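To start, the structure itself, in structure tokens.
Letters A, B, C, D, E and F name the chains as they come in the text, with residue numbers starting at 1 for each one.
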Amino acid sequence: MMQKRAVLLVVLLLHSHVVFASDPDPVLDFCVAPKSSANSNHSCKNSSAVTVEDFTFSGIKYPGNYSQTGFSAMPVNSNVFPGLNTLGMSFVRADFDVGGINVPHFHPRATETAFVLEGRIYSGFVDTSNRIFAKVVEKGEVMVFPRGLLHFQMNVGDTPASILGSFNSQNPGLQKIPTAIFGSGIKEELLEKAFGLSAREIAKLRRKFVPH
Amino acid sequence: MMQKRAVLLVVLLLHSHVVFASDPDPVLDFCVAPKSSANSNHSCKNSSAVTVEDFTFSGIKYPGNYSQTGFSAMPVNSNVFPGLNTLGMSFVRADFDVGGINVPHFHPRATETAFVLEGRIYSGFVDTSNRIFAKVVEKGEVMVFPRGLLHFQMNVGDTPASILGSFNSQNPGLQKIPTAIFGSGIKEELLEKAFGLSAREIAKLRRKFVPH
Amino acid sequence: MMQKRAVLLVVLLLHSHVVFASDPDPVLDFCVAPKSSANSNHSCKNSSAVTVEDFTFSGIKYPGNYSQTGFSAMPVNSNVFPGLNTLGMSFVRADFDVGGINVPHFHPRATETAFVLEGRIYSGFVDTSNRIFAKVVEKGEVMVFPRGLLHFQMNVGDTPASILGSFNSQNPGLQKIPTAIFGSGIKEELLEKAFGLSAREIAKLRRKFVPH
Amino acid sequence: MMQKRAVLLVVLLLHSHVVFASDPDPVLDFCVAPKSSANSNHSCKNSSAVTVEDFTFSGIKYPGNYSQTGFSAMPVNSNVFPGLNTLGMSFVRADFDVGGINVPHFHPRATETAFVLEGRIYSGFVDTSNRIFAKVVEKGEVMVFPRGLLHFQMNVGDTPASILGSFNSQNPGLQKIPTAIFGSGIKEELLEKAFGLSAREIAKLRRKFVPH
Amino acid sequence: MMQKRAVLLVVLLLHSHVVFASDPDPVLDFCVAPKSSANSNHSCKNSSAVTVEDFTFSGIKYPGNYSQTGFSAMPVNSNVFPGLNTLGMSFVRADFDVGGINVPHFHPRATETAFVLEGRIYSGFVDTSNRIFAKVVEKGEVMVFPRGLLHFQMNVGDTPASILGSFNSQNPGLQKIPTAIFGSGIKEELLEKAFGLSAREIAKLRRKFVPH
Amino acid sequence: MMQKRAVLLVVLLLHSHVVFASDPDPVLDFCVAPKSSANSNHSCKNSSAVTVEDFTFSGIKYPGNYSQTGFSAMPVNSNVFPGLNTLGMSFVRADFDVGGINVPHFHPRATETAFVLEGRIYSGFVDTSNRIFAKVVEKGEVMVFPRGLLHFQMNVGDTPASILGSFNSQNPGLQKIPTAIFGSGIKEELLEKAFGLSAREIAKLRRKFVPH
């Protein structure tokens, strides 16, 4: 009898990720997500098992490999750094090759402050009245991107550039416009009408961004 | 002497909109924004001057005029309906001509529940892993668009369609992708690289979406 | 040995509903509550098992059966529509027979915007200074009921009426005054003193509202 | 010219209370509301004018006068104690004559913890499933009333009783059921149907609770 | 096979406390933490097992034993009183012997309102500009300590004193300066430089506060 | 007559700082605080006067001058960088001479993520059970300090060190323990008892930290 119930339970747990789903005021000093839970979640590692290593992160000392657009991003949210769980913050290291770009994107759940570690970066955002706020920022300068607004960056200097972005959410999320629009499978007819492009032009864009 | 100070004050007030800047727990039953303050703001109309008219809205009984994409939206936020001020909600009526579309867009500050008043509407959103969730919803059905995620709609029925969208912010904001990306003045080179399009193709898109 | 522990665990889980207990900023795109958990809760369905059906709701296309007061309400919170989990919104369809009423009630955890789908409805709320704000609203009009304040409705038209109410909580709660006061078992003496009624009058009211 | 503008401004300010309308995370150590602003509001007294007197309150040392139901309440929110402004808390002293009652009521914007200072008090609340949780609490005991739920108290001891209630809002609000329902002017027909009472019975109740 | 999975599960659960990690708007009437979960957590006791005893607390009727500084504190957070879980409040009873002190401390997650139950207490806090706000408060008076600011108390009367402190968090936390600074193991050199004390002086302080 | 009113108004405004007092969800894209308001406040600069310069900050490119403890901090909150107003974030640049320390302190209103720009820094925090979490972090590593908990740093490398700290509040606040405790004027007797020090020892400490 006991065994039957246990089976039921196990199946249930294998079918659903237990994940942490809020960025509110904490009610504990901290709540380090246990390794065993892939995603940021609400169970907390037993505090006696928590060590200082849970609150430090060493994975962004060096840049990652550049993408086709000369860009590398290493987002460090609570999934990657479980000590951030419930603390309402996360960060990202982004590196730009000469001429490299961070495509227009936005973070649905956070404001970002971007500190330039190296280089000169054309950097900007668009507000909900379609007004652009953009300029070149350089080493030691900071630009703020208000929560949920479209923003973008391009290395306009002669050397590689990098930034440290900080967020006021443990998991800000990221929607990159080109892939979200042209690589997700939105009905062609809708895209044609939305952008005023022909079926052929949309098809060409989709080929670029739909994952193979 | 008094007059000099008053001048100073007046100048100050003409230079800065006093606006209400948060969607938190209210600390009053209500706080109807006075007409005199164009934007949603933190001063509240004297409660003795508040009437039931402040809490009712009659401006979305009828559809608006269709845009070029066969679409009409009448967003009713706290700027339009001052009784919503501090109450954490707003709404929109949207109408679709046959084949009309609501271009891909997102609301930076709210989840939306869209109730279909009339018609059959292809409706969907894209999550941050670029996965699409889309289907045709019809009269009496509801679709939810999670906060800050890209979504879109198209009337796929044979008659005009309309929806009532509700938001959990008094001012959810709206970024329409085509105009925000191609109509705001983002550096051409960045757009070319982001979308893999030629200078000519980007220029053509910009001509469509930059306001004249 | 293992079996003993498993028994313990199972018993524990059978004794406590794991429920989701907050309406804060989300930290995930969405968190669809798994079917197996009766109540809105913090575990999320494995995202690979999530489909568009989780974000659409078809259960309020038609009115429900009228109660004795000529009223039918179909509240759609995160228990009924698990896709709303963590998204901070829910809604209700309410239908009124001619002369039907929605008794004075309030929602402890949400503001409501009520959109009139059909008919003419006397609609109002009372603020904490006991001031009433009431009027007849009709098809296409909207009334807002501020969070936690008493409100009520009556179909004063010649035909059935219906509304769509939207809430800024995934589970706004509902306290109907007649049943909460006279049907819950509050000490008679207290009720007599509170309403200035005789023991017989209170007894009569209780007979009406105490469930049989 | 200056004079004309100043007139405009003054008129504007006389027509609208500037009030503080939220209970969120503070961004300052404190923000004492200036005396000159009748209501809790967002301007803060110049910090150099703030003294320790702004953070202490001496007005509830002694009970107030009993009402007809043998009850006295002295609510201390941010309007009365401006130092509470933005700090998210307030409190109330309530005194009960022998047999005195606190009529069924709720606070739309706060949970309450009620500590019994003296006496024995029948005390309870009703949840949204109309289930009652009530018992006699005595000196030194505490009962919690969850946010927005109906609750009530009666002194069932042989001596006067008193409590200190604390709230997690600077202005929790208060709706007393008898006056809000029968003293606010809700349409008679609606009340008759809601409570199953005759026009005469409702009229009698209204005479008791409508202010003269 | 089933047994292997169950073992896995049990191990996982023994390694991680499931704790409730937020103080946001509730989405349920209440969520009483089950006894079996040592810490405040997100699972809720099955509501049919909830009784009025879950919402009342009798453990602070009498003072505790005085510490070496003539002080006794009985903090009642959601760990001690599970009915507070998700309701955003907690409280403490503190007793002071003649001359007894509550050492400088702060609560990282809450504002406190301290009501004097008995006696005369020198009471104050320090703001972030190092300005002190202190005075003697007596029976029936209230002092508010803004969220996260250092505060302290000393019984300056001729008789024992006591207070009831209330908090707007279910688990406000507490850092006592002497033990947190000198009893936690911060590097000596850092403490010497921070306080301008010699190695011997720091060693003496550490001997007092490091737990043996 | 008009002039008299204007005088009244001016006096009122000179006596109270209008300051922004919350860190909640924004309801606008942004709300740049006007220069004329010394403190972070709720009026927003007219959006037509807002430029990209309002969202970029250049003031922390170079280190400041070291204090006596070999430390320099340049906090950049919404008072210094008005574009941060309502966006829920701020940051600080801190520089350490060889052996320089950041004294034990805490931020009452924010979590901090500290990214090491240069050098090797002993870095740690103390939780509310007086447990220390400390280690040496170096260039490119990040340590998180949970909201409201005591933390501290010391340059243990052979070269100057610096960090970029980010906060999830527009104005996190800062309490430095040595000055807050010994430099604010807390009653000597209380400090003697709290730290187990003699009147002479306390007097010596106070001489170091009371501002002259």
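To be clear about the criterion, contacts are C-beta pairs under 8 Å (C-beta built on N, C-alpha and C of every residue); 3 or more make two chains touch, one makes a residue touch a chain.
Model, not experiment: these values are computed from the prediction.
Asker: What chains do chain D and chain E have as common neighbours?
Answerer: Touching chain D and chain E alike, sorted by label: C, F.
Asker: Using just the Cα atoms, superpose chain C onto chain F and tell me the rotation angle to the nearest 5°.
Answerer: To bring chain C onto chain F, one rotates by 180 degrees.
Asker: Counting only Cα atoms for the centres, state how far chain C is from chain D in Å.
Answerer: Distance between chain centres, rounded to whole Å: 24 Å.
Asker: Cα centroid separation between chain D and chain F, in whole Å?
Answerer: 36
Asker: On a C-alpha centroid basis, what's the spacing between chain B and chain E, in Å?
Answerer: Inter-chain centre distance comes to 44 Å.
Asker: Can you list the residues of chain B that touch 2 or more other chains?
Answerer: Chain B, residues with two or more chain partners: 3, 6, 9, 20, 22, 24-26, 29, 42, 47, 108-109, 124, 128, 134, 146-147, 149, 173.
Asker: Could you list each pair of chains that touch, in label order?
Answerer: Final set of chain pairs in contact is A-B, A-C, A-E, A-F, B-C, B-D, B-F, C-D, C-E, D-E, D-F, E-F.
Asker: Which chain C residues qualify as touching chain A in the complex?
Answerer: Result: residues 3, 6-7, 9-10, 13-14, 20, 22, 24-29, 31, 34, 36, 42-47, 49, 85-86 of chain C touch chain A.
Asker: So in the complex, the part of chain B that touches chain A is made up of which residues?
Answerer: That would be residues 69, 99, 101, 103-104, 106-109, 122, 124, 126, 128, 130-132, 134, 146-150, 152, 154, 173-175, 177-187, 189-191, 193-197, 201, 205, 208, 211 of chain B.
Asker: Considering the complex alone, what residue numbers of chain C touch chain E?
Answerer: For this pair, the touching residues of chain C are 2-3, 5-6, 9, 12, 15-24, 39-40, 42, 78, 108-109, 169-171, 173.
Asker: Which stretch or stretches of chain F touch chain A in the complex?
Answerer: Residue positions touching the partner: 26, 29-30, 47, 50-58, 60-62, 76, 81, 83-84, 87-91, 111-113, 115, 117, 124-125, 127-129, 133-135, 137, 139-147, 149, 164, 166, 168.
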